[in-house]
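Each of the two complexes below includes chain A, the first together with chain B, the second together with chain C.
Moving on, here comes the complex of A and B:
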């Protein structure tokens, strides 16, 4: 499957990936309206570090995802065709078990678990499309699509 | 301490648009943007803003704008704000004013006073999209005549020639004054475009060793990074006598920019200032220059052409003639608007002459003396677009050097503060957190795009003139007409006035 690869030697720590992630997952798809009207929005990608060394971290869509294994309601699923791990907000009860087991710390909690969905339906994820320095690239990485 | 002068620029943040994402805070090496105590609200201060436009370009909501700081002094044509600010700055520091990039003063730009010809009726224009158009360029000494055997084999021994697919080369910018990523981009672009980049006086970084064949290696007064392998791993060698931005002045790369990488390439200790003397201490005459040219030819077994780069100064036509006779194969003339990583402001703004006049007079002098074919002429400092390139070639240049335009293509916004080492675009700096901002892959693509676009435009203009080869335009000043120029200017440029 295609995954987002972060190149820390090119990461600027500008954190625009976070801004455009929030925008892409907002109702309006407009950065201004997203920040003004939807304060509960969370970025599904997080830049760790500072200007000296930084890297963007997001869900790795693991071959054998711990979060899926641990999910008590079956909300967290790995799509057997695309391999993308997503959380069904209808089923999620916000118990945070997934957050506890994620080895990369890539799940955030709002009312439900919030995580990267690789911007399904788009040609490439918003973070990759808007990274000003191509520090994020969307590459075919092999691995199992089937969970 | 009280400041006696106002900031240069004013940062305008539109509160209706700012989402306080902090991108500007993290991107400004001049620390103009900062977070309030709450760690969330973004504020800004004007004092150190240089208008590099980094924050403006990256702001995701277009909330930022830089304008000139406006606080009107009482009007005076003599004691302008700029003049007063410079005095105050010197009064507070006691130092020479430093600045970077080319001469920004409003001296006449002769490129903009020359017009190109086009074919109408009597000779057909050519459509470059349908017919072949030759812009391939060869640099190097051309033999006075060619002789052949009876079965048409060339008898004359050809001096080494440099084959370029475009009449545009990347001009000298050293690793040290610009970042390794910038050098990587320039070298990769030169390779793809079939042209050359220039190492400046900084030597060649080991990572770029394989790019030597696309490099013009410079031998300047500090002799940094020069050794036999360096000279042989090149397209041609350039002896730098002078630089358009600071004729008569040496160079000074401050010790803080000399990190491990720079020190390896330059062969100097880490942290030591790299000082290039104003003159070459072994060149005090044309005869001395001849010795250096020939020792470089000897070390490369005569396989590499040797170029001599001089700044455009008052007497440059005579100097060019002397340099040609000293054995140079290529002569680069750098005009007073050429860029630099750092120069004393007074020198940058007041020394040297425009490249247009220097080029025209040098070409004319060489032709008058019958030695024009002994050398190729490179014009630098600066050509801003394809029309400037075409005009330079019609004035007599074989090819042009571009540097400022190349830097602009990869992010430079001409803030003219390269000397501070805080280039927010990752070009003129060695700070790791800043150099990372220049992705060599993106920069290479942009350089290739720029020169490809110029190549197309050059072909369009040639076609319009009914010329299908750049060689037919070289020194063809009948293709130029002056506009708004005096008799004297026209005669120095060797062109007629429009309508004549």
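Moving on, here comes the complex of A and C:
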């Protein structure tokens, strides 16, 4: 499956990936309107670090996802065809057991668990499309879709 | 074609069934559950109680899942007999099922200590399955005083669910702290205060000694210290015991839980495996034998049992406690050896207002943590525990919110590219 790869040496710590991630998951799909009207929006990608050293981290869509194994409601699932790991907000109760086992720190806390869905349906995730430094690339990484 | 039989349809049983289908596309897979429901989220019953989860959303898989995967689930099938020589099981209503490989995923049952005046009364419930949650929800009403015996996870979640449904909720606990399975002494005090602020009365070091009734209905309970509480609804949540009766009757080795090879989940009978809350686990962090009655462990154990039943070589490589839970918005995440103290353990503690973090370290490896209201990225700590990472190889302050920057650049890149931690 295709995954987002972060090139640490090219990351500027500009955090535009976070802005565009929120925008892509907003109702308005507009950065300013999303910022003003949807304060609860969370970026599903996080730039860790500072201007000396930074790296963008988001769900690795693991072959054997710990989060799926740990999910107590069946909300967290890995799609057997696409390999994308998503959280069904209808089923999620926000217990955050997924967060407690994600080795990369890729689950955000909200009313429900919030995580990267690779902008399902889009050709390229918003973070990759909008990274000014091409520090994020979308590559075929192999691995099995059906975990 | 191999015939697989699974007894129990919760975390371990469903996980085993699903993994068996992945490992053996042809095999016959049958799941028997004594309950009247298809596999559902047992931990969600408290969310059902407070109407955060509806009946439709409590099921772990859509009903079509089982037909698509050719997994035959029999509900209302209470297994009463197991004959390992004939390789058959029989149900209470006389049905017989045979197997080549069997998995016991029987879970646990509530432990209800004998209490004067309680047995047989109509307003006494346990709180462990969907049926009991439904009963409790029907019985709860705004004029009623509820008493919960036991301040463990089950009792406190029942109390949280009842607080908006009843006039009062009082939790009575014999021990001196709440939630001892997941909290250390300091955090237990913080959590208790938070629960009290949200309307639950908590009486520690106390217990219900007897109940008074009118007819079949309890009206009040008397406590160890002589105090009397009005009681219209009594929830028994003292504890649970592994469900081992079937295994014992069949002559399998049992020591509290069903005895299994900790890496293969095989019982003392080579064709019978066991997984989940009914087995005695070995905690990889200190080698101790214990019942690890937690969802992720049950899922992992069910998976490994299934792989083994299908003739695959996979082994269980990790087994330790990790738990995340919230009470009225207070977020708790704990993992590993939370009660370890003294040599060779050392602890790092930070406490600011309602935020509490305690890390437990042994020989420069992380072996446990307690996080209250600072659970962000907790899984990175869990990964450090799982991998036994030497903490001296990490960068930055371990007490800050953990991020991938704790790792060296080379390690981080490898982890992020590989997609799977070591």
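In this text, the second predicted complex is superposed on the first by the 147 of 147 C-alpha atoms of A that agree within 3 Å, B and C clash if a C-alpha of one lies under 4 Å from a C-alpha of the other, contacts with A are read in each partner's own complex, and residues count from 1 in each chain.
We adopt the following convention: a residue touches a chain if its C-beta (ideal position, glycine included) is under 8 Å from a C-beta of that chain, and two chains touch if they have at least 3 such contacts.
Since the structure is predicted, the reported quantities are computational estimates derived from the model, not experimental observations.
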{"item": "Which superposed partner A:35 touches (first chain B, second chain C, both, neither)", "value": "first"}
{"item": "Partner chain(s) touched by A:132 [first = chain B, second = chain C, both, neither]", "value": "first"}
{"item": "First (chain B), second (chain C), both or neither touched by A:5", "value": "second"}
{"item": "First, second, both or neither for A:110, with chain B first and chain C second", "value": "neither"}
{"item": "Of chain C and chain B, partner touching more chain A residues", "value": "C"}
{"item": "First, second, both or neither for A:16, with chain B first and chain C second", "value": "first"}
{"item": "Partner chain(s) touched by A:52 [first = chain B, second = chain C, both, neither]", "value": "first"}
{"item": "Doubly contacted residues of chain A, that is, touched by chain B and again by chain C", "value": "none"}
{"item": "Residue ranges of chain A touching chain B (in the complex, touch as defined)", "value": "9-16, 18-20, 23, 31-32, 35-36, 51-52, 130, 132-135"}
{"item": "Parts of chain C lying in touch with chain A, wherever the complex brings them together", "value": "11, 15, 22, 41-44, 47, 52-53, 57-61, 295-296, 299-300, 303, 322-326, 331, 333, 335, 375-380, 382-383, 386, 402-405, 409, 412-413, 415-417, 419-421"}
{"item": "Chain C contact footprint on chain A (complex, rising order)", "value": "3, 5-6, 8, 46, 48-49, 53, 55, 57, 60-64, 66, 69-70, 72-74, 90-91, 93-105, 107, 109, 141, 143, 146"}
{"item": "Partner chain A, residues of chain B touching it in the complex", "value": "17, 19, 21-23, 26-27, 58, 60-61, 432-433, 436-437, 439, 441-442"}
